[in-house]
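What follows is a short report on a single structure.
Just so it is clear, A, B, C, D, E and F label the chains in written order, and each chain counts residues from 1 on its own.
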Amino acid sequence: MFYHSQKLINPIVPDEPDPSAANALQEGLGGQFGEMRTMMQFLFQSFNFRGNATPYMDLIQGVGIEEISHVELITKTISQLLDGSPRYQGDQYEAPGKGGDAALDMAKEQKNPHHYIMGAQSALPVDAAGNPWSGSYVHNHGNLVLDLMDNLVLEATGRLQKCRIYEMSTNKTLRATVAFLIVRDEAHQAAFAKALEKLGVDWGKVLPVPKFDPSQFPEVKRLLDLGLHREQYTFRLDGSMMEQIFSGPSPFNDGTQLTTLTEPRESFLVPQMPERPEEFAPGLDAELQALADAFTEFKESGGKIDQNIGMNGNKEE
Amino acid sequence: MFYHSQKLINPIVPDEPDPSAANALQEGLGGQFGEMRTMMQFLFQSFNFRGNATPYMDLIQGVGIEEISHVELITKTISQLLDGSPRYQGDQYEAPGKGGDAALDMAKEQKNPHHYIMGAQSALPVDAAGNPWSGSYVHNHGNLVLDLMDNLVLEATGRLQKCRIYEMSTNKTLRATVAFLIVRDEAHQAAFAKALEKLGVDWGKVLPVPKFDPSQFPEVKRLLDLGLHREQYTFRLDGSMMEQIFSGPSPFNDGTQLTTLTEPRESFLVPQMPERPEEFAPGLDAELQALADAFTEFKESGGKIDQNIGMNGNKEE
Amino acid sequence: MFYHSQKLINPIVPDEPDPSAANALQEGLGGQFGEMRTMMQFLFQSFNFRGNATPYMDLIQGVGIEEISHVELITKTISQLLDGSPRYQGDQYEAPGKGGDAALDMAKEQKNPHHYIMGAQSALPVDAAGNPWSGSYVHNHGNLVLDLMDNLVLEATGRLQKCRIYEMSTNKTLRATVAFLIVRDEAHQAAFAKALEKLGVDWGKVLPVPKFDPSQFPEVKRLLDLGLHREQYTFRLDGSMMEQIFSGPSPFNDGTQLTTLTEPRESFLVPQMPERPEEFAPGLDAELQALADAFTEFKESGGKIDQNIGMNGNKEE
Amino acid sequence: MFYHSQKLINPIVPDEPDPSAANALQEGLGGQFGEMRTMMQFLFQSFNFRGNATPYMDLIQGVGIEEISHVELITKTISQLLDGSPRYQGDQYEAPGKGGDAALDMAKEQKNPHHYIMGAQSALPVDAAGNPWSGSYVHNHGNLVLDLMDNLVLEATGRLQKCRIYEMSTNKTLRATVAFLIVRDEAHQAAFAKALEKLGVDWGKVLPVPKFDPSQFPEVKRLLDLGLHREQYTFRLDGSMMEQIFSGPSPFNDGTQLTTLTEPRESFLVPQMPERPEEFAPGLDAELQALADAFTEFKESGGKIDQNIGMNGNKEE
Amino acid sequence: MFYHSQKLINPIVPDEPDPSAANALQEGLGGQFGEMRTMMQFLFQSFNFRGNATPYMDLIQGVGIEEISHVELITKTISQLLDGSPRYQGDQYEAPGKGGDAALDMAKEQKNPHHYIMGAQSALPVDAAGNPWSGSYVHNHGNLVLDLMDNLVLEATGRLQKCRIYEMSTNKTLRATVAFLIVRDEAHQAAFAKALEKLGVDWGKVLPVPKFDPSQFPEVKRLLDLGLHREQYTFRLDGSMMEQIFSGPSPFNDGTQLTTLTEPRESFLVPQMPERPEEFAPGLDAELQALADAFTEFKESGGKIDQNIGMNGNKEE
Amino acid sequence: MFYHSQKLINPIVPDEPDPSAANALQEGLGGQFGEMRTMMQFLFQSFNFRGNATPYMDLIQGVGIEEISHVELITKTISQLLDGSPRYQGDQYEAPGKGGDAALDMAKEQKNPHHYIMGAQSALPVDAAGNPWSGSYVHNHGNLVLDLMDNLVLEATGRLQKCRIYEMSTNKTLRATVAFLIVRDEAHQAAFAKALEKLGVDWGKVLPVPKFDPSQFPEVKRLLDLGLHREQYTFRLDGSMMEQIFSGPSPFNDGTQLTTLTEPRESFLVPQMPERPEEFAPGLDAELQALADAFTEFKESGGKIDQNIGMNGNKEE
């Protein structure tokens, strides 16, 4: 069973909207090697896991749970990059183009017009060429060695593509998220490489892919200094055996050490997205808004937390 | 951020393997109106939510989080239905077909041979006709009224299709899961219908879809008696405003009442799937198995739980 | 602008339900060379037609209009073949499987379970392997010679595939419709071959494809005797120049003559499909049915026809 | 059976070519919520209709027939927007780029190069991101309440997307067509909402989607003043029961009244598209053109109309 | 530039037709991890190769050239398994079903009816679930280490799936080809594993995937005894540097040695497929056959071979 | 069995990079009527060929073998057009964007960002709108007349589209390759038209499609003067009967003659692509490069050619 807290795994850094950057980042969300695939591939592998090698299952599933939070993060980032893009600087319309104004006139020239037609300037489950995500991307061979190797290739490709995307824009919103994902994809490469090392492989110096000095990228360097590229999280409310694998020397043979934590040391506020009347989003007129407001005013009373969720109070069969 | 506990939202009931039933159930997982879509559609809508009508966002997201657990449940159910199906009764092979035996001879006649070729007798992200899940299934219009209506149609279709699948097999494994999903899809119809009722719609007697007496289905009746069709869960570790909407009289105008809980009253053990040597799953030979076992033996020590996860210990920026 | 009369272009002949035959016939509806494609390809070509060679446009469009009626016919045929197939002989259920009966137990074994899960035993826009129809099937090159050659290949493939499907079943419902389509595909081959003959091609003896004596198929022979393989219809309410091309000797060099008519000499009743409670179709309970019946009782008064539709009364700009 | 008259349901208003606007409008033709889907969805639902609630069938089918004319209209509009776009102002080439000129040099930069490579500057069955239309878009659940709700969501999405597209360009060719579709999608929302109202739903004030004052859009205002948003047409040559449902007060609870007609009060000339030698369209050289002209010169004699088509002269079986 | 000789890389062993086995084998041809993908992936990687590490390029391309011959072999095998399947034992029809006989009556029940409707009992570019092959399967990252790892995973998956397919049938036609592919996929795993070993990886004992004793499969054992699992071929008419990598000890650390040859030691006759009149294949009637025969009679004179092809006689620029 | 020599069938002419031109050219590679389809369609038809009309099989297969070399040529051309495009003139980076430079900043604006994200500035198996190639493009009807007609339409469409692409750019790299393909597609039209002529068709003056004077295109004129539009090659190492068909007067009735050769009179050097560090391609760091170099230094010794390959030395079974 899955749970959620209204926190992000990395902060959304504000900057100008940039629809082309948003489109490039779609590859990291809905592309063949993006976060929707890693999430689905690792969850399917863990749900369909055979045999009693539980630490391997826990490792695969732990990364999979993290990937849901990556989908959340990257979705928010794309939306931030798109938000207000018809007029840069985030100018607000109070109503759809009055008197026939072309409020969205720049939209038809953007890389993926679906960002403005299908959605209201927000993320889509598609790649940077506009192709929808496909279930055929999910590889779950059922053979442990092969699944681990496939996962390693997947994370290596993820890191490679994100390094390329990093170089495509200096937008701070994009780079903050991409830098985080570069670092985490390195950690995930370490996770699957270590699992294979435990089965006898010595990776020499070929990992991580791509081979280069990532501290050239300043946003990446900050996170490397924090050690995020050698940490892994279980996100498990009732314990995990991930640490049996993800600990000790890095499989990259570079003298670093791996650490398993229950969850990241920090979490971050979820930004709220403004209304976009020119997109009819959310599109409540005064009458409907009054009805909606009736519930929102009790907002503060909604903050009561059940501290014991997921730990107890459940009767097991 | 997302978390997990190694529990199922409904139990897996044992029965004979039945690959055709498994294939029909794939529609509920990877079909156009299956759980992968509800999960992705509601998560995308909540991540891309605009405006300050937080209870609506919390309602949509809360259902979305539950759907991840439905994906987990239905995946496990399909795998159970497929497991051991080359020889009914789950006979075990100790090695791939020796001397050229056709251990998987019945597999090529099954509805979706991919269950045996691509995966090791386990669930796939495809529908009952073998088509892979597509990102184009996810509808996120950005208009609140429309998104709610679309969600209602989606849950109504989900319940209709699962009622049809229920009638396709008497297999207990299939029916236990399908009955649970019929009941939960009714609760989710109530959730989105109620949200629209709050905006002024009176549904009269047209809901839920399909209109019939579901207590004819015994497995469904048991869950209706427990009231699961009128409950909704937040699955939120740090509070939710869902209850502002999901409470009071049912929008079906049938005299029942809606209740919001933090999580289901019960949760259930996750069954472990056996090895299937004829599928090379997990496919560790003696040498590799010995290496893998080295970590698994410390299993008990892995059970340490961080009781405070997601509640505190995070430094917010 | 398009119009409709509640008539079929060929009768639906009753016989036993046969879901496998229905599935094979899906190729003729939603397959790459099926009626959905011919309809869309010819309509797109006529809407996008360039230049002043109007008789060619009228010929292409005329065939396109007929194809909509073919989609209607083949859809009705597939539905007839599926209807009642859970219990052959069309036994009726009065409610979904009571007490947990598996009313649709045979459905999960059928060629395309979507016929029972997504639809209520009726036609789908997919092919015989379950793949959805794709817009990429539509070829509209914009070059007249090439479009005519492409259309000829399309109709030739249509006839070839339907000849193969004819041989797959002796079911009378299937064969009546398939025989009609074999004959009409021959007429359409003649249409496009004649258009190319007018531009200078002599087809010798290679047409129609496939070359064989179709009078071996008794249902086909009856239609050949009526001359339907050498007739073409304009279906145009305000005149057409199709006859400038489709007249005179057949381009098959077999001594026959081509004839253009406004519409077919005969049309046929549209059968009404019964309720299927086990499919929740149409799924109105007693209360909703009473509301629906309130309008249906005025049925006779609905029969008033505007005799002049499409002929006059329109003010042109 | 289907018929056609060479008239358009709305006029094509001339303006400059605008390939980006044409590409945005592709969403309205071949998009997931475009006219190809509404046409196919409503036709499939009417062909597969179960039970005796004929007015509902007639309503669904009547809208479906209109949608074929919408496909015709939007196709013509896209072609008009593309026509002559290599050189704005519609400059004509008399031959493909002589001496190696790059006559189509701007084409490779346009949103969808297929408009120039696959077709000859004309509409394609794809969406605004270049994805081909898919049969999986067609929803035909077989359950009447659900099909009506699905259709309502579909028309609501259609109107939402067209309102957004309206705001993307001030091009008169685009806006004339889009304004018409905005108004007709409102009428179609009224049709399906009214059908559900007849079954007991009170829509309050949530409809139509999106909620805003559409008279802000001048081209829309003109059509609202004509009342086109509250009219529905049967397009049936032999009578229809649509009016049993589509009459009386609007389901939007705004005091307006619904009216059913046989066909629109006005129809409009179909513009002829010029040759585009740089696209080899139609690509007849002098010799072939002479052959083609031989038939076209008899043009006037082709205008003979069979006034009685579809009304009589058919022998029913 | 590519060349061909009319020889097969492995013999087609005759046995009864078996359409289900043919369908399972489609996975090895048009599946996500089948021969069409390996062929295209390796050719694209070699055509797009960057840098001067020629032996790596030659290795990748050499495997890619072999894969074309695998596509040839597996296509021929599928066709052999399908041929004559309407009546087992390969009974011949002399004409399509006379008098309305259902010559292909069993076809509509087969796993993929397209084998009989679209093709004439022969191979299709689809997988075992009927999904068409997709260009998205081709991975060409441009990063050498990653491409090699991806190729290794691909070959490992190929071998895993073929081992499963081997166990699905005792048909000799299927097993002869599958056994050959199991052995060659092991050789290809060795090729890419060795290339990575040269870059520093020590694979320990995890390879080849799957780990098991393949000599349990008798048809495989025969080929292992011939050493085909440790040979690689350049298929290059003008030299190759493949051997720089593919030589010396096997990367599987099992004491075996790798050998590079120009081409396989043996090649085999290409079987000719008989006519299938019930499929209208090739469908020449007496008149057309006479025309076709006019050329075939000169068959012997066609056998003149240009011994020097590809070696000389080409003027290089 | 297939063989290769490291030569190109036409030279790569150097010019500036032009990513838009590269994207347009993708249609000729991975489009519905591009070289990947012709290659696969003709190979499938030849592998699945039925009956004893060997010259027809040899003709179809011969064209198919040439198409593999076209895939090679067009892939190399696209890569050349993309190479170095982040900075026109092919400026080299020595490392990925140092200090956070946006080395690939223009990439996100290009027609298909996949050229920079998925691949390292090189060709992809997709069309000009970014859709991946599909196996459904391959038509293999099994009926000889129909397959020949389909092939003729395919080659006619290929030539039409390439003529349009020629007009889209004056880039010499693009035009050299496109001109060659225009000429070869004319030869291939001649091949299939001649095969049908042998079966009795007289094509008059409608071919080749499109009808125009191609010598207007200077690069095309040069190749026409060399006669490449009337030559066909067998590429067969052990003889072919293609010449039985491809000889004598052109089926275009223009007084020219057809000639069959074993292979083209000229072949051309394969250009080597440089490293692109900003794409991490090939991405070997100093340490890995040293390992790779260890093999490359023996380059000259790798050039030993087995002169007798494919001719002899094979033991036939």
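The rule is simple: a contact is a pair of C-beta atoms (placed from the backbone, for glycine too) under 8 Å apart; a residue touches a chain by one contact, two chains touch by 3 or more.
Predicted, not measured: the structure shown is a model, and the values here were computed from it.
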Legend entry - Farthest chain (mean CA position) relative to chain D: E
Inset, instruction - Specify the chain most distant from chain F by Cα centroid. - result: B
Legend entry - Angle (degrees, nearest 5) of the CA superposition of chain B onto chain E: 120
Legend entry - Same or different residue numbers at the chain A/chain E copy interface, by half rule: same
Legend entry - Centre-to-centre distance between chain F and chain D (centres being mean Cα positions), rounded to whole Å: 40
Inset, instruction - Would you kindly tell me how far, in whole Å, the mean C-alpha position of chain D lies from that of chain C? - result: 22
Inset, instruction - Indicate the residues of chain D shared as contacts by at least two other chains. - result: 32, 118, 126, 130-132, 134, 136, 141, 143, 145-146, 160, 199-200, 205-206, 209-211, 279-280, 283-284, 288
Inset, instruction - Select the category (line, ring, star, complete, other) that matches the graph of chains linked by touching. - result: other
Inset, instruction - Give every touching pair of chains, nothing left out. - result: A-B, A-D, A-E, A-F, B-C, B-D, B-E, C-D, C-E, C-F, D-F, E-F
Legend entry - chain D-touching residues of chain C, taken from the complex the two chains share: 1-9, 11, 30, 36, 40, 43-44, 47-56, 58, 61, 65, 68-69, 71-72, 75-76, 79, 118-126, 132-136, 138, 140-146, 198-200, 235-245, 262-269, 272-276, 279-284, 288, 291-296, 298-299, 302-307, 309-311, 314-317
Inset, instruction - Over in the complex, which chain B residues touch chain C? Could you list them? - result: 20-21, 23-24, 27, 31-32, 111, 127-131, 160-161, 163-170, 175, 205-206, 209-212, 216-219
Legend entry - Partner chain B, residues of chain C touching it in the complex: 95-105, 107-109, 112-114, 116-118, 126, 130-132, 278-280, 283-285, 287-288
Legend entry - chain E to chain A touching residues, read off their complex: 32, 131, 134, 136, 139, 141, 143, 145-146, 149-150, 152-153, 156-157, 160, 196, 199-206, 209-211
